[in-house]
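Right, one structure below, let's go through it.
For clarity, chains are labelled A, B and C in written order, and residue numbers in each chain start from 1.
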Amino acid sequence: MKFSEICDRLGLTVETSLSHQPDLDPEITSVGAVDAATAGMVSYIEGAKFAQFVAKTGASALILPKDPTLQSQASDRNVAWVSVADPRLGFARAIGLFYQPYQPAPAIHPAAVIDETATCGEGVHIGANVVVHAGVTLGDRVCIHPNVVVYPGVTIGNGTVLHANCVIHERTQIGAHCVIHSGAAIGSEGFGFVPTPTGWEKMHQSGITVLEDGVEIGCNSCVDRPAVGETRIGAGTKLDNLVHVAHGCQVGKGTVMAGQVGMAGGVTIGNGVILAGQVGIANQAKIGDRAIATAKTGIHSDVAPGEIVSGSPAMPHRLFLKVAAIYSRLPEMHKTLRQIQKQLGGGL
Amino acid sequence: MKFSEICDRLGLTVETSLSHQPDLDPEITSVGAVDAATAGMVSYIEGAKFAQFVAKTGASALILPKDPTLQSQASDRNVAWVSVADPRLGFARAIGLFYQPYQPAPAIHPAAVIDETATCGEGVHIGANVVVHAGVTLGDRVCIHPNVVVYPGVTIGNGTVLHANCVIHERTQIGAHCVIHSGAAIGSEGFGFVPTPTGWEKMHQSGITVLEDGVEIGCNSCVDRPAVGETRIGAGTKLDNLVHVAHGCQVGKGTVMAGQVGMAGGVTIGNGVILAGQVGIANQAKIGDRAIATAKTGIHSDVAPGEIVSGSPAMPHRLFLKVAAIYSRLPEMHKTLRQIQKQLGGGL
Amino acid sequence: MKFSEICDRLGLTVETSLSHQPDLDPEITSVGAVDAATAGMVSYIEGAKFAQFVAKTGASALILPKDPTLQSQASDRNVAWVSVADPRLGFARAIGLFYQPYQPAPAIHPAAVIDETATCGEGVHIGANVVVHAGVTLGDRVCIHPNVVVYPGVTIGNGTVLHANCVIHERTQIGAHCVIHSGAAIGSEGFGFVPTPTGWEKMHQSGITVLEDGVEIGCNSCVDRPAVGETRIGAGTKLDNLVHVAHGCQVGKGTVMAGQVGMAGGVTIGNGVILAGQVGIANQAKIGDRAIATAKTGIHSDVAPGEIVSGSPAMPHRLFLKVAAIYSRLPEMHKTLRQIQKQLGGGL
């Protein structure tokens, strides 16, 4: 594909080297990271940290931010460039021009075990050894990879993909264009036990899990169903691997959670929230829209909309930066304090 | 089901509105959360935090604590009520009156692959694509959901349930009435490697994992077997999702672990212990009976029976509350300290 | 097996009791932990902490460090002994003399579903319900346990073992003599999304995951593939259960990661690194060769080769020990500071 065609198809182009060097229109055959790219590849520069690579990259073309200096550097090296507002988005689209994801053709494998009361839409793919129980409803173009188990009464919307060995528990409702990655467990029993003098008594989990449209759930993540009512994950929300969503959590739309995030029961999370890796959220806490928690934050109480929090227990991120800087100087502070005490004649 | 019948069947009733308003005996058809319940539902009030909902709930009946004020409020609104010592336990039993968990009928699916040397008790269910290896013994009414793999020499007690896609490794012993949730790995090889000049040499894991009666293991949790001897989880202990139990751990009876708890090798945990989410416990540490660790606690040494610990490294919870409160004031303390130094003429 | 034969076969022997007591050559039938061993067992003493057990163990033979006192104690009790430089390594080898791991015979189960374009080496085992997709290449003596799914274009080297229900995603390259434990997901899609005004847009993950020879990946761990290029794990590196390796991470050789370690995208880890349980590493951080991070460490920036770090944010371990000791005395420091202020007449 000619570089000029890529520029046309990104749908993001602001300016390109073609207006200055119309003859520099290399044939591009693939995409690559800027520090590893070779001739025939298009790559990208994201932020100041990677700007040095304009002078070194082996790529034939670059997706740049709107930066005349970088544009000149690239032109001087005969590297074709296109400037866009968000080079990372540009690169994502460039990958999409070259990469053909593995997509099995519509078919139902003879080794799939499908209950006669289940219903399938048009163009579904059901892989080998998939088990689909009674009363399941699959939308059009649903793709179920091998060895998945779908318990009774589940509904799955159009175009949703279930990767190998994931498990969808009874009565779960999954929207359209969702992706459930390998080994994830959706709609499994919430962890509900009540202490009694003779041990922990199970509280049946009669509720359901609902994933709205466009949700992604990472490998081996778990989204439990509650005792009553719903666990719900809003449209367009994305969860990374090994995330734990307990019974009765309510997660908004367009929220992202990185790997190994965990939340206790009944947590409420707003729209557009970002939770970095290994964040934990306690029982019943409420996280406002567009709040951000940095990695390993331990949230014990509510977080206001738009707030950025860090630390455990969580505090405002700006405060945390100050606290953390002084934390490592505690031995020095302690020594100073003792010297002052001595000077003042007091005893510890 | 009439409200009066529910009261009879809870087995917990202390007092009901029926003695004051015998005609208020609504037909109850389901259970619901107090803030979402509608007519025909029974709900419950747990603690002061939810007491406000007595005045608002749409439920036809409530399970209340022994609280005359709440009883009056409910009666005034013509909401039937039953008071019990533990409303959450009452609600758990109420759910059990209405909810029929999915329970496949006794049968062995033709697509299950069962070694001829395996033995099955009465009334077992073995789902499609389950693989049961040589020398496995299944008790009566064992239920194995699809795509589970049971390695050789495993024994599984009466009434135990294995959910889809879990794996039970060689020689594991699972008691009666256990539940292994989807994707869990039980009796897998412990992480045993010895450093040598030519790399990490594997220490074979020749031991076994034992789960006593009534144990539950959450989705995608792992309970490894040790090099020699046993990893053991005591009767009635419940583990949530994504928990990691390393080789040689000894866990007592009636203990609970929330999501993403992890313990290193050889940890000993007593009876009735509570570990909140994302707690970590170091190698060989001993946790006494009825100890509690709050979320994200990092335990590096022994914890006494009944102790409550928090923080990382762990400390007594009451101390932690004080420490955490001052922690966020470190910048202020640091500033004060410098002012004092200046006042006293010292240099930092 | 006679004790004398064990000494010969360990390949590590420095000195044995046989030179002093040649008639004390007991028949050894198994291995056991020193506090649980009985007659006919060989056990071992690792470090001062377990030295007390020489005087108590029921074992017939012991693997000791080079310590004349322990040797005498054992001889006095008629316990045969062998001294080696590393008793734990000696014990690992002793286990290997007695323990025969479960190893299915070469065969392809009729219920395996293998694409006709896949190629298999000599002596492979493929269990029931395994699914092997198009273009997969399996080396000699590869062992695939039941219900594993191998996506298209994967290559797997000689002698590698895939445990039940793991998933190997498209184009992954796995070397020789690797072990992938139950439920692990290898080569799954990295968590790549770009924010746009209309929501998170997927960045296709066109790269691959490469595991070099001798890598082990624990149960339910995940190693994602990147948008472009490779996620790579070096030869002889071992990962415990529930570990998360994000897209584009580069892990060196002979590194070990304990349970529930997580790393964000693009992390670089050197050779011989040790990451203890629940460590987290932020985006793009670089960890030098032979560095060590203790349990729960949160690493936000680069760590130098050989450095030992602790805490979150991570700091040098020796500093952390001092900081942590003073941390729990913060309330006391705060009180002292206020007293000094009062004494000096200042107001907080």
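Methods note: contacts are C-beta pairs under 8 Å (C-beta built on N, C-alpha and C of every residue); 3 or more make two chains touch, one makes a residue touch a chain.
On a predicted model such as this, the values are computed, not experimentally measured, just so you know.
Student: What's the rotation angle, in degrees and to the nearest 5, for a C-alpha fit of subunit B onto subunit C?
Tutor: The superposition gives an angle of 120 degrees.
Student: Could the interface between the copies subunit A and subunit C be described as same, meaning over half of its residue numbers are common to both, or is it different?
Tutor: Mostly different residues.
Student: Between subunit A and subunit C, what is the separation of their C-alpha centroids in Å?
Tutor: From the centre of subunit A to the centre of subunit C is 27 Å.
Student: Using the touch rule from the top of the page, what residues of subunit A touch 2 or more other chains?
Tutor: 111, 129, 147, 165, 183, 220, 242, 260, 278, 312, 327, 330, 333, 337, 340, 344
Student: Which stretch or stretches of subunit C touch subunit A in the complex?
Tutor: Checking each residue of subunit C against subunit A gives 111, 113, 129, 131, 147, 149, 151-152, 165-167, 169-170, 183, 185, 188-189, 191-194, 196, 199-204, 206, 220, 222, 224, 227-229, 242, 244, 246, 248, 260, 262, 264, 278, 280, 282, 298, 300, 311-313, 315, 319, 322-323, 326-327, 329, 333, 336-337, 339-340, 343-344.
Student: Please output the residues of subunit B touching subunit A within their complex, sorted ascending.
Tutor: 31-33, 36, 86, 88-89, 91-92, 95-96, 98-99, 101-102, 109, 111, 127-129, 145-147, 163-165, 181-183, 214, 218-220, 236, 238, 240-242, 254, 256, 258-260, 276-278, 295-296, 312, 324, 327-328, 330-331, 333-334, 337, 340-341, 344, 346, 348
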